[in-house]
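Scrolling down, you'll hit the structures one after another.
Presented sequentially are two complexes of subunit A, the first with subunit B as partner and the second with subunit C.
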Partner chain A sequence: MDYTIVVAIELLRAVAGLVLISTGLAIIFGMMRVINIAHGEFMMLGGYTVVLSAKAGVNIWIAMLVLAPLTVGLFGVLVERLIIRHLYGRIIDTLLATWGLSLFLIGFVAVVFGNKLEGVATPFSGIAIGEYSVAAYTIFLIGAALAFVASIYLALKYSKAGLIARATMQNPEMVEALGVNSKLVFMTTFGVGAAFSGLAGALLAPISGVIPGMGVNFIGPAFITVVTGGSSIIAGTLSASGLLGSISQSTAFLAGPVYGDAMLFFAALVLLRLLPQGITGRLFTRSL
Partner chain B sequence: MNRTFVNYLGPAIAVGSGILTLIFAPLILGFYEIFQLTQYVILAIFAVSMAYIWGFGGILSFGHAAVFGLGGYAYAVLAINMDSSLLAFVLAIGTCGLFSLILGYFIFYGRLNDVYLGVVTLVVALILWKLINHTSGPGYVIGDARLGGFNGIPSIPVLELPWHGGAALDPIQMFRWFLGGLIAVYVALKLLIQSKFGRIAIATKENELRATLLGYDVRQYKLLVFVIGGSIGGMAGAMWATYQTFVDPNMFSLEVSAKVLIWVMVGGVGTLLGPIAGVVLLQALSIKLGETAFINNQIVLGMILMSLVLVFPKGLLPSMELLVTRFFDRSAAQGQGVSG
Partner chain C sequence: MSLLEVRNLRASYGRIPVLHQIDLTVNAGEIVGVVGHNGMGKTTLLRSLMGHLKTSAGTVSLRDRDVKGLSAHKRARLGVTLVPQGRDIFGNLTVHENLMLGAFGTQDQSARIDEMISIFPRLADLLDRKGGALSGGEQQILALARALCNRPSLLLLDEPTEGVQPSIVLEMATALKSISQTENLAVILVEQNIAFIQSLAERVYTISNGVIEQELSVSGPNGAALITETLGF
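Right after this comes the complex of A and B.
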């Protein structure tokens, strides 16, 4: 019984991890059909914000939950103004430019902060379940993933900004004709997506450690989850994370974590062969 | 001069100067320079394979390093296990062709579009990189070859000469054979592009729907272009392995995938010669920067990639060419007193 609970928590952790790392990306993809290749580096910046703030003596919760999303969100707006804005309608060029940004950020951070692993202390200790022990931080991350999904759902469903965002996702020209500045919507979306990426990076920093090249560890699963999910932000992220997370975690149990990643990819490849527009391109098409 | 003649002039000059280099460069240059040049030749083959699938098939792979690394590792493992390294070389190319066929089947028969294609190819290279990095234990052995994880595979047998009873290539011979390979690949691709198949592939690139409506199965054409490009890229990887006598997982890295994209973009998408110039230009730059050692290579690559997209979307060399022709057109027009 205890073992079953532990396994269930591990599965949930895998799913929650995918939700955390792909939400920021999914927001940008859902709105603009663009994959931000620098997503992993946005997460890395979030991680560095926590490390630097912690070193400066800021409370770790403020650093994680306030400073990291704020910093990376503002950085996202800057990136949108300087780069993405010029490339609307040129999807491939946007991918290439964000890839350039990704390389630049890895190199730049390595030069400024050094190419070494920085640690952040985990804020909780373990919880005992029978004779097993589960890190309390794992439970916290599962809660954070729930909070990610809930906050986006509430914002999209019940706020005016969310209404405009949903309308822009459906038909940017029509929204423009109704007097909404769709460029501004895109800018805000990119900033919000970046903020979620930064927050995810900050939340995962105590587990993964922080290093300039850390983004590589996240982008594979994140891209695959978003692409498999399709363009609906919430339904896509949830269904893809649930499916791929359980498949990869089960494989990881049996064969080791690296094979979990590989299995996640193979599952996604087969799924994309069947549903080329992602899960929400065929199923749950009208959901958020 | 009629048009066909002008069209063939550029390739003819390129092939001619290639053959001249093949014959005379080892006579003029020193041993070390030839060894360095071989590196450019191999990377040029890799760049040409990317230039072909992107420029003439419209397939923008974000993980072309996958075939480069796979070709290198396949050659390494096969050459260590087999008597004939030449056969290993051929089989390594076949491995990459087969790999591209399987991956391409999922991509093109799933009709994945631009963004999806980019993401899937990028993640494939990433997963291979991770898997190979993970193989450091003594349990990861294929025949006599230990995969070695992030340490890579050392002391790979050098490619042997064809028809010489298994004597290994010396560096000068390697330079000549590989440059010959580059010229052969260039000519073969040029002919392929001119053929009916090549034209349909270009039509597919320009407008997939229209090509479909004209009765062509675009999936087949894209798949075949992808397999050809993947095989050539794999050949470059196998050449790299025998040139270095060493492979490591970084052959699969995103940086390699990004570099090959940048070479093609610098040279201009839609040409085969431009990317070769791109290789020479950027590798020389990165060696120069490596000497200074205070600017990070990735910063430079990233800035080049961003500025290429934002400032020179047609490619650096074509943009310069355009400037030059405009300048001459204008002066010619002024000379004749014709406006506009």
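Right after this comes the complex of A and C.
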């Protein structure tokens, strides 16, 4: 019985991990059709925000939950204004530009802060379930993933800003004729996506540690989750994370972690062969 | 002072010039028609007045204020709005959400939406439907109601009767006439349906190859015949 719970939590952890690392990318791709290759570096910046704030004596929770998304969100706004704005509708160009940005950020941070691993203390200790001990922080991350999805759902579905954002992505010219500043909406949306990337990087920092090149570990699985999920942000991220996360984690249990990662890519390959538009390109097409 | 004053306006798509010489005047509360054959630049004219298309020369003034360089949302906030040809309903949003976007800038959002529903009662049963799931005629009504939500002073209306059944055409004419009077709404109406235009407008401009050619007074009983003759329809 205890073992079942532990296994269930491990599966949920894998799924939650994918949700956390792919949400920011999914917002930016789903809303704006921009593939942000610098997504992993946005996460890294979130991680460094926590490291530096912690060194400065800021409360770890404030650093993770407030400062990291705020800093990276504002940075995202800057990136949208200076780079992305000029490239809308040109998928390859945005891809190359954000790739360049990603290399620049890795180099820049390495020069300024050094190319070494910085640790962040986990803010919780272990919880014992029977004879197994599960890190309380794992439970917290599962809750955080739920909060990610719930907050985006509620904002898009029920807030005025969410309504304006959805309409703008459908038809920017039409919303302009109704008095909406579409450029501002694009800028804000990119900023919100970046903020989620930064928040994810901050939340994962206690587990992954923080190093300039850390983004490389995240962009692959995040990208695959988003592509497998397809065009709808919430249904796509949830279904792809759920499917890929449980498949890879089960494989990891049975055969070891290396096989788990391989299985993630393999499962995505098979899914995309069957559903080229991603899961939500074929199923739940109308959902958020 | 007229509401809208356009002089020597020129506009192009990239390097292809489409509008060469546009001169027109619209007074507050007035419904003015624009007629011309297919491809003569009617839609382009409305899009450049809305601010969707950069104009390359000439002046556009709204209540004596130069708006030529303003982006579309700024013009919208000054009271200009557009019902495009093809309606451009937000297909993934519900009818009610479409109306909420229309009422985006108003203080009394829900009261204004209720008002629109009382003017266009067939929307009442459709509020929770997705815009994309409406018929063409229903979409046209919705597009009109959405544009009126924001209490515009100038409505740019592009071929609203295209593919719409006669009873809905009549509903639109009645609504436009009454709102134009009660709210001092001016309309630039691009139309191929001569009877519809003649029932609403007193003046009609003809456009040909991007040039406003004539101004016709069509309020008399021969108005419709005059338009038909002039255009050679």
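Criterion: the second predicted complex is superposed on the first by the 285 of 288 C-alpha atoms of A that agree within 3 Å, B and C clash if a C-alpha of one lies under 4 Å from a C-alpha of the other, contacts with A are read in each partner's own complex, and residues count from 1 in each chain.
The rule is short, and it goes like this: a residue touches a chain if its C-beta (ideal position, glycine included) is under 8 Å from a C-beta of that chain, and two chains touch if they have at least 3 such contacts.
Only a predicted model underlies this, so the values are computations on that prediction, with no experimental measurement involved.
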Look at A:R33 in the shared chain and tell me whether it touches subunit B only, subunit C only, both, or neither; answer first, second, both or neither. first
Have a look at where A:A110 lands relative to subunit B and subunit C in the superposition and call it first, second, both or neither. first
Please determine whether it is subunit B or subunit C that touches the greater number of subunit A residues. B
If you stack the two complexes on chain A, which partner ends up touching A:V258: first (subunit B), second (subunit C), both, or neither? first
Who does A:E10 touch here: subunit B (first), subunit C (second), both, or neither? neither
Which partner chains sit in contact with A:L95 here, subunit B, subunit C, both or neither? Use first/second/both/neither. first
Looking at A:G220 after the superposition, I want to know if it touches subunit B, subunit C, both of them or none. Which is it: first, second, both, neither? first
Of the residues on subunit A, which ones does subunit B touch that subunit C also touches? none
In the complex, the residues of subunit B that touch subunit A are 60, 62, 106, 109-116, 118-120, 122-124, 126-127, 130-131, 134, 254-255, 258, 261, 265, 296-310, 313
Applying the document's contact rule, which stretches of subunit A touch subunit C when the two form their complex? 160, 163-164, 166-167, 170-171, 173-182, 286
Report the residues of subunit A in contact with subunit B in the complex, numbered from low to high. 33-35, 37, 83, 86-87, 90-93, 95-97, 99-108, 110-111, 216, 219-220, 223-224, 227, 256, 258, 261-262, 265, 269-270, 272-274, 276
As the complex stands, subunit C meets subunit A at residues 50-52, 71-73, 76-77, 81-82, 84, 88, 90-93, 97, 100-102, 104-105, 130, 146-147, 150
